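For reference, the structure I am asking about is given below.
Chains here go by letter, A, B and C, matching the order in which they are written, and residues are numbered from 1 within each.
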Amino acid sequence: MSIDKHLVRKASLEKLFAVLKLQGKTMYAPLLRNGKISYEITGNFADVTIEFIQTTQSAKVAAFPRTEKLFNYTKDKEGVSVKDFDPNSIPETVVWGVHPCDAGGISPLSAIFNWDYKDNLYNTRLERITVIGFSCNKADEYCFCTSVGGNPGGVAGNDILFTKLGDSSDYLAEIVTDKGKALVNAAPELFEAAQDVEKEKYLADVPNRFNREDIKGKMEAFFESEVWAEQSMRCLGCGACAYVCPTCACFDIQDEIHGKNGMRVRCWDSCGFSMFTMHTSGHNPRDIQSQRWRQRLMHKFSYMPDRLSVYGCTGCGRCSRACPVDMNILEHLISMQEIKK
Amino acid sequence: MDELRNRAKELLESNTVQLIIGFEQGNGNKTRAVFIEKPENTSKLIFDSRCVQNLAVYLTKNEVKRKGKPAIVAPVPVLRSIIQLAAENQLTYASLVILGITPESKLVEFSTLEDIETYLDNFTLELEAKEKEILEKIDKMSPEERWKFWINELSPCFKCYACRAACPLCYCTRCTVDDNQPQWIPVPSHELGNLEWHIMRAMHLAGRCTDCGACADACPIAIPLNLLTKKMREDMKGQFGEVKASLKGGNMMSTFKPDDKENFIL
Amino acid sequence: MSEKNIYLPYLMKVEKITIEAPGVKTFKLKFVNDEDSNSFNFAAGQFGEYSIFGVGESTFCIASSPTRKGFIECTFRQVGKVTSALSNCEEGSIIGFRGPYGNKFPIDQWKGKSLLFVAGGIALPPMRCVIWNSLDLRENFKDITIVYGARTVNDLVYKHELEEWNDRKDVRLITTVDPGGETPDWKGEIGFVPTVLEKVAPSSQDTIAIVCGPPVMIKFTFPVLYKLGFTDENIYTTLENRMKCGFGKCGRCNVGEYYVCKDGPVFSGKQLKELPDEY
């Protein structure tokens, strides 16, 4: 479908936020806490961080929360009764202020959650999310979206994409989907006619750093190489990279019960943890950190494209920024590209 | 740091050690741990005020141990961790070479672990003014207010366990959170579960934590974990005296002295 | 959004508990709801997630044959949190079951061939489904041979069924125990499964070999099979792995580009060779 374009004044952003809130939507927006930006629920536009190169946590939390109830049950002497998840309990949600790398993360996440079996918890949440994205005017050395098929002004995954037009207080608004159109209809006075605007000249410069298909081939060819151990010696095996990543979806399933009322939940997990693949027998197929590091990279750059036709990395650079020991994924991908033996 | 580089090179060339654990330049303005096995690579070694990661965490890792005997670049916080690890029987003087770095960035080596203990007596761990202020504020809170404070501070935690992974004293091959018979600490991250994890970790570090700050530095969402560990240390100091490991006596919480206060029982 | 919640289990009643061996039990499970019972279908080789509400889920194969309707069976050893809670169940308890997941033994492709089943210890349950499946369709196959061994006589599972198979004229059953595991009145073989297999030397002509056992048994059984003339194309095995969701989302059972829960748990020898050594 063709993309409508509008001009939106800076002051109108706050008005749009208010309109959405008035509609009863749950607003996820980038909030600053202890110097780090994460997507949290807020009603106050004044708290929202507008200018940033990257947030610490991704926006996936709106569709794939860190802990999520699967269903409830009661259990006593008489037996067990189960109460299913109620889709109507999921509110209409707006995720405000995502960059194209996060919006681009929806595609790999949806691929995993709909692979043969359709995960209706994820799908319900996604259905009720409207994504309001902002193009990137600035980037830094951690960003590499253009190397993985992304773009600092990419519309994929967004319902509306705003691009700041330089120092003027105006934004170009691209209405990408029907959901976006519905938003425009809710506050049409905020969306003015757009002049002809060359979006590209306001976008950040993100140079291409590697060829994705080359790296995939190298990884597969060098599965047994020492390079994985060399790269991962300093890795501590925490879950920071997986948790801040917009496309990581590994999870654990746990039961929690108090008295006779209980629930089964799923929560984030990471293939980097040493116990991730541990069998009850004590056998651990990936008991060395280098195997787990290899799994992380190959899952994103080899297994996912082979099985789900989508790469598992959007080049947001969050993992590299969050890692306490400077495991920089861009650095490691480039060295993979250059590997000769 | 030519002195350091030359010494490291010498150790590798003579095969006294098979591995140097030190710092190298990372991406941007970061530094990071480096593992050097070839003498010519010792030129990568650096040391400056940015090098704050506690390298002692690697001394208990299997992947590192397999490389052979290490030499470790050890500024004062790392020296403290090494003494604590020795007091807990995780290493001996003979199992590694310690390349101590003074606060003036000079290389210093020690003949025994006891010498390091004596050297560390020159440095006392004091709270910074800002930390003192916050801890005093917390002390003045009622139990309900304190509960609310910590629930709020810890609610963003998503259980990535970077704090545990970065701590040199969290070397348990199977952490208490990994136990599921029984499940002492819930796996999912939610308000209560987060509080349980952090309190449990602080408890397990009581009397052992050397206040290196690695946990707070590692936390990707900048939760002020150091408040918990510092408060624990202050409480321990009040109850049992200055907190430090003793190579002769072991851990503070795993030893009993006849003159320990018993006013909570008697 | 009216799609089914894929994490919601069926409610199952434990109808019968059989103690197979020390620490090993078989549960016969019936669906609490008749509609579930009537609509449920599975194929030999598939597995499910069995759960105790309040404790958690555990992965076992479906050990009964799909030719027998109205119930399913599972056999498990008490080793961890969930299996301990399951072991404490009584007949009449309600547990949860999600499934069937995974792929199946390609039993349709084996029509007209002979079948050789080789199993060790607690690895007989994943094969029991396909053994009964083939016995229930006996006319479809030529010779059926079962080689099964355990550490001791006590550790042999499905003791009653072993007797039944032994008594049948259309099945050749060879049971064995490890040296030292025999009892005075033991009439079967004595020796490790691979050794006994080599001694028995069943023909590989037009035969499919289905193998399941602990890694060490598999490691020594494959060379014997090759010696007897089997090739990777006609050897099948079923793998176990750490699994949680059972349908390729949680990431745990990902081995190379394969997911044991989706591309397995049944793998041919050829596919097994393509898996990196991470299982």
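The criterion applied here is as follows: contacts are C-beta pairs under 8 Å (C-beta built on N, C-alpha and C of every residue); 3 or more make two chains touch, one makes a residue touch a chain.
This structure is a prediction, so every number in the text was calculated from the model and none was measured.
A complete topology is adopted by the chain contact network, contact being made between every pair of chains.
Here B-C and A-B were compared by C-beta pairs in contact; the pair with more is A-B.
Central chain (C-alpha centroid nearest the global protein C-alpha centroid): A.
The chain with its Cα centre farthest from the Cα centre of chain B is C.
Averaged Cα coordinates give chain A a centre that lies 39 Å from the centre of chain C.
Centroid to centroid, with C-alpha atoms defining each point, chain B and chain C lie 48 Å apart.
One inter-chain figure worth recording: chain A and chain B are separated by 33 Å, centre to centre, where each centre is the mean of the chain's CA atoms. Shown for chain A are the residues that touch two or more other chains, namely 252, 254.
Contact with two or more other chains is made by no residue of chain B. Listed for chain C are residues 56, 80, each touching two or more other chains.
By the touch rule above, chain A contacts chain B in their complex via residues 33-36, 38, 56-57, 66-67, 141-142, 229, 233-234, 236-240, 242-244, 252, 254, 256, 265, 267-268, 270, 273, 275, 288-290, 320, 322-326, 328, 331.
For chain B in complex with chain C, the residues that touch the partner chain are 180-181, 183. In the complex of the two chains, the chain C residues touching chain A come out as 1, 3-9, 11, 51-57, 79-80, 83, 94, 96, 215, 240-242, 244-245, 247-252, 254-257, 259, 262, 276, 278-279. Looking at the complex, you find that chain A touches chain C at residues 70-71, 73, 75, 79-80, 82, 84-85, 87, 112-113, 115-121, 123-124, 127, 223, 249-255, 257, 262, 264, 266, 269, 271, 276-281, 283, 285-286, 291, 295, 299, 302-303, 306-307. For chain C in complex with chain B, the touching residues are 56, 80-81, 84.
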